[in-house]
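As structure tokens, here come the structures.
Two complexes follow with chain A in common, the first pairing it with chain B and the second with chain C.
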Partner chain A sequence: MKLVTEAAWVAGSAAVAGLGVALVDVGKTGQVTWAAGVVFLAFGCCLAGLVAALRRWAPGGSSFLLWPTALLVALGLVLIYRIDPVEAPIQLWWIVAGIVAAIGILLTFRWGVEGLMPVGYWLAATGLCLIVLPFLSRLLGGGANAARGLWLTIGWGNVSFMVQPFGLGAVLLAVGLAGIHSRWALESPSDRADNRLVSIRDLLVMGVVWVTTLPLLWATGDLTAWAVLVVLSATIAYAATGDRRVVWTGPALVGIGFVAGLTSSRARVTLEVWLDPFSAGEAGAGLKESLLALGSGHLSGSGLGMGDPELVPRATSDWILAALGEELGLAGTVAVIVLYGLVTAAGVGVSIGSRDLFSKVAAAALSFLLCLMFLASAGGLQRLLPPTDMGLPFLAYGGIPLIAGWVAMALLVRISHDGQGPL
Partner chain B sequence: MNRPIRRIALLLMVGMVVLVVGATWHQLVAADRYRDHPDNRRTALLRAGKERGMISTVGGRILAFSEQDPESFRSYDRRYPAGDAFTSVVGTEGSQSGLEEIYADELRSRRDLSISDLMAAMFGEDLRPRGLQITLDADLQQRAYEILARRRGAVAAIRPGTGEVLALVSSPGLPVTERAAGALYPLGSAFKIVTAAATLDSETADIESLFEDRPVWQVPGASLVVANPGNVQCGDSPQVSLLTSFVLSCNLAFAELALEMGSEIMDTYAAAFGFGTEMGFPLQTPVPSFGGERSSDPGLLASAGTGRLALSSPLHMASVAAVVANGGLRAPPYLVASWTDADGEVIERPGTPPASRVITPETAASVARMMERVITEGTGQDATVAGHRVAGKTGTGQDADGRNHAWFVGFAPVDSPTIALAVMIEPGGEFGESVTGGTAAAPVASELLSYWLQRS
Partner chain C sequence: MTDFVFTALRLIFLALIYLFVWYVAKGIANYLGLGDSLRTTRPGSRLVFIRSESQSGMHFTVADSVVLGKSPDADVPIDDPYASEFHLRISRRQGKLSASDLGSDNGTYLNGRRLRTPVDLARGDALQVGRTVLEVR
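The block that comes next holds the complex of A and B.
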């Protein structure tokens, strides 16, 4: 029975990808090309490999996490193929790499994830380093061309490409913080007695994240992406300790950071674009064109291949939700919100079902991170939050967010095995 | 430990619900505002690539049609097989003028793959674009464009009985600007057709009425002095008739007559001829004026009577000539003959506004006689067409910079007119800077009329 279910969603997701590519071809040229078959096969084989690894190394793992993820990845690939046929094969390779990375995680942690708790400091530190790379590259004289927003340009000679380390850094930070907080929570109560530093150390960790990421805010002006990190650190501290003080420290840190961040000219530009994208000139072009695309999509969208998402700058990465809204309409947008909601809910379910604290907090942290990134990206598009160019895991073009997303999924699946599988 | 996690999860789910509300706002409630936003380039793109209906003449000449792009599915290229002579009227895909722009919505294909259109198609509704048939005579238009080549000017021709527009030519054709109907030029003596018609129709004077013949005339009660062209007498006797004044285009009689009739009568007749009113034409048409509207200033009125202050377009002046040719009835000019379905079947004929009486048939006959004399012995002798009776009036209007604009306004044949036309030549081109109605516009009219009269 399980096999049938799993075969069904693997084939279903692969079919969505293949069919979507075929629809794009029909919408654009009136003919189906071989690309649809290639995508169906490649996507299907990768997912089948992932399921096989899941059965081998984490047989109790929940595949309820994986099928909405697979659908999102399929949808993202179709949209990228529609907007930029050159980027689509690259994205397909990144999807393969992401799934291979997920299989690697399942293999590496086939005896459990407990080993990550003691190295929490290192994970968190590495994550923070990755996150502030765009700031460092500016500081070290990479010049204006070396980074744009959260993106970094890496080049050898005349070959250069753009990467966004934010997503992977955030996943490492989430797992690391989960390790730090749950390790402290597991110490016996007598260890904490009468030590005022110990009583506020969980809050101090939030402060450390706040201080180390402020340069990022200053360098990129990306208020929303920065807020995701601070809110993430607060939710992890709260999940691990239940400490009420977090409830007011977290928002306070975000608020102070916002005000402090506004000393940066880039943050002020972001704010201007947010308040009025239609008169913010070149800086606001992305948000402006995205809103026009959203409105043009209306309820049912123009249909795949039949809208004009090319008019939106960086439509495959920063503004992929706008392309989605234009061609698949409000229906498509709501479907994607539901899919991310399902992934988040499934992740929280894994967390609640977990038996040991670190697994519980780590699963919660990863689910929260994923959900926060989606809220930030979609909220920025809808002008509920300042616009951000943070790469959306699974949907957007870009290797690192994709790999980070798959790594997070693999960890969640592994934790779900520990929680529900036979001990 | 699960409670904090549940709380945070609940908060995040609230966030997701807010996103659904936000998406509904942007993609449903405020969607039209974004879609129709002036910065949204989709509207133009949609228009550019889409199939649109054919524009053709009633005679069957194709002026514009859509051809499927062999390279790109669902995309059409617009073709203009009839050439430059028609661009000022038809417009082009990108230009913001012409019939292409004015009837953009009507010519558009309604097939846009939307659900409602697919439903409509299922019930057998024809969603293919409609075609537009216009009244232009393709050969006359082409001939007029060729005659005007290397000159700056415009020609308008209409069928007097019906108001069908036969030609509407602007030269040079590029850059595309429609000037035969869409611009006003100083009219000069060609306005005397109106003053003369008003005089005869109101029985203020008749053709043979005599006026004192002087080179210049100090208008009583005004500082203005009205002069004949060249500051000379009209004839060689002390008195000159209205007919001679008209034929030789002398000014004094018309200044005196305008004063004698007064502003009310002048206003009434000028308005009946279409001065000061909208033309009700699909193309952009500014409102012509004769310059003496509701004027209590005798100097202004006298001057307006000679045509010095009048501004008009060739299309409007062709319609003025048509009134005389049509026995005093004014049939407003129209361009759209019919709308057809994609198979070429006529599905709609826009009604033409009813003809209105401007002057009596007797007045029209008298004015026509005077206009014929202009050709046989007056300023319009260069408009003669051998073997045919032509009637017309020349004019030389000066703009604020003192540059002449040459006019010929007339019709032919006199006994049963088939064409009324107005030719306007601007300074420059092969006539140089000093153009006059008799030397620059009349020859063009002659060439065009002889082509038309020999063809029919």
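The block that comes next holds the complex of A and C.
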């Protein structure tokens, strides 16, 4: 892509962020403050830095992966500024950290991502540890206040903050599982590269993910987040082997786990909230307010700064799409859905165009992870699925999910670079 | 500020988002080759390996005539145990690409149908040689 075109994309993304902040100011106070200019410059500089790194270390990579991501991050920043102006500067710093992490990934893997395949076991194990950290925190005596859902409270003395290690854990798990399954698929004696039969080892790995994450389901009651992990493990096994029987194993494991999970009181509460949020009391407040917010948004929304998203509990993180639906309406929500669809489509395109099996499977795994996280979060918010604490990647407030999203994006761009080139 | 101005600004913001989404969608469609495959009547000039053990993403342009096959002496070597030594020929005639099977053991398939006679190729056509798939772009 030409430098001028990329500069236009950077300016366009930063303009959406700056204009959005200006509209929030106008909607709330009737006048524009300096915050719009700061956001425009800061966000533009961050993206320019990332584009420079892409041109340096992955010039053949698909930069079209970057632009829907940048727009989602810009919209998230605008909404966070709208809902809680105190959190907006922190989110801007998290964006900087995420972009620095993405540049770090591009620099580290400037000669390719093949080095990740042999360390697949370690990546998957680290990912699983991060995912079950909220459960371990309770088990090791952190008390009920140490973890709420997928969130973990870390504190020293009077200072404490909440982190959600789920997103980063899921990214590490996806890349790790891609490495494990690809390695076994390449070792397979079958010469049918496009249709290797799934082995006991592949099923065993799916079982390990299922068993290891089941305590998380019991501890948090988050049926949807847990199902994302199980479906992801089945999808990766399918991408590596091409055996369609694995596809049916995923829903079967989800079904068995679902029944097992209902022995947990937290899971039962989640189910009650899902079935009838309006009579679930305090537990159903988030879903109830989210549905009301979405319903009041109509076609084009109430306008930035003109709605009442602060009525939705944890509106900047768990329920940010409800705030967007209220203030930008159906039009804004559909735009976000299309953007996530485009990110997934571009990721699948990267997977198809990859030259080696590991890159192919890793790109598919990361794309499906982002897609599943979006479907789970948006589905939970609209009562199509049980509600989840899992934040929307790129859009929601929170450092670790945002950094995880940028890391996944950098890996996809790097893989797309490796897939290019003349014969 | 009047409601009218604010409503206009709100719609401009949404329009800006959709403009952005439209250009991104167009770019990704081109990247995925969807923009080309929708115009199947247009002749193509480039072949891309879209499924291959080791050559996915690679591409080549046909200027006059090329022979594809497993042999290292083929113009375009195919890394596929199911391909014949000299499997098929792709040539350019009056600006159009055409494919002809060179009597290969496992055959050449165009959009899922076995090639019996030389056939003109259009953008979006998929040629299968063994388990390798090439797309005309």
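In the analysis below, the second predicted complex is superposed on the first by the 409 of 423 C-alpha atoms of A that agree within 3 Å, B and C clash if a C-alpha of one lies under 4 Å from a C-alpha of the other, contacts with A are read in each partner's own complex, and residues count from 1 in each chain.
Definition applied: a residue touches a chain if its C-beta (ideal position, glycine included) is under 8 Å from a C-beta of that chain, and two chains touch if they have at least 3 such contacts.
In this text, all values refer to a predicted model and were calculated from it rather than measured experimentally.
In the superposition on chain A, A:346 contacts chain C only, with no contact to chain B.
Contacts of A:382 after superposition: chain B is touched, whereas chain C is not reached.
Applying the stated contact rule after C-alpha superposition, one finds that A:303 touches each of chain B and chain C. Look at A:356: by the touch rule set out above, it reaches chain C but stays clear of chain B. Contacts of A:335 after superposition: chain C is touched, whereas chain B is not reached. In the superposition on chain A, no contact is made by A:221 with either chain B or chain C. By the touch criterion defined above, A:235 lies against chain B but remains apart from chain C after alignment on the C-alpha atoms of chain A.
In the overlay built on the shared chain, the residue A:291 is in contact with chain B alone; chain C does not reach it.
Within the superposed three-chain model, A:71 lies in touch with chain C and out of touch with chain B [touch as defined at top]. In the superposition on chain A, the residues of chain A contacted by chain B and by chain C overlap at 30, 300, 303, 306, 345, 352, 357, 360. On chain C, the positions that touch chain A within their shared complex are 1, 6-7, 9-11, 13-14, 16-18, 20-21, 24-25, 27-28, 31-32, 49-60, 76, 81, 131.
Every residue of chain B that touches chain A in the complex is listed here, in rising order: 1-6, 8-9, 12-13, 15-16, 18-20, 22-28, 30-35, 37, 39-42, 45, 72-74, 113, 115. Looking at the complex, you find that chain A touches chain C at residues 12-13, 15-16, 19-20, 23, 26-27, 30, 62, 64, 67-68, 71, 75, 191-194, 300-301, 303-304, 306, 328, 331-332, 335, 338-339, 342, 345-346, 349, 352-357, 360, 419-423. By the touch criterion given at the top, residues 28-31, 235, 238-242, 278, 288, 291-292, 294-300, 303, 306-308, 311, 325, 329-330, 333-334, 337, 340-341, 344-345, 348, 351-352, 357, 360-361, 364, 367-368, 371-372, 375, 378-379, 382, 384 of chain A touch chain B in their complex.
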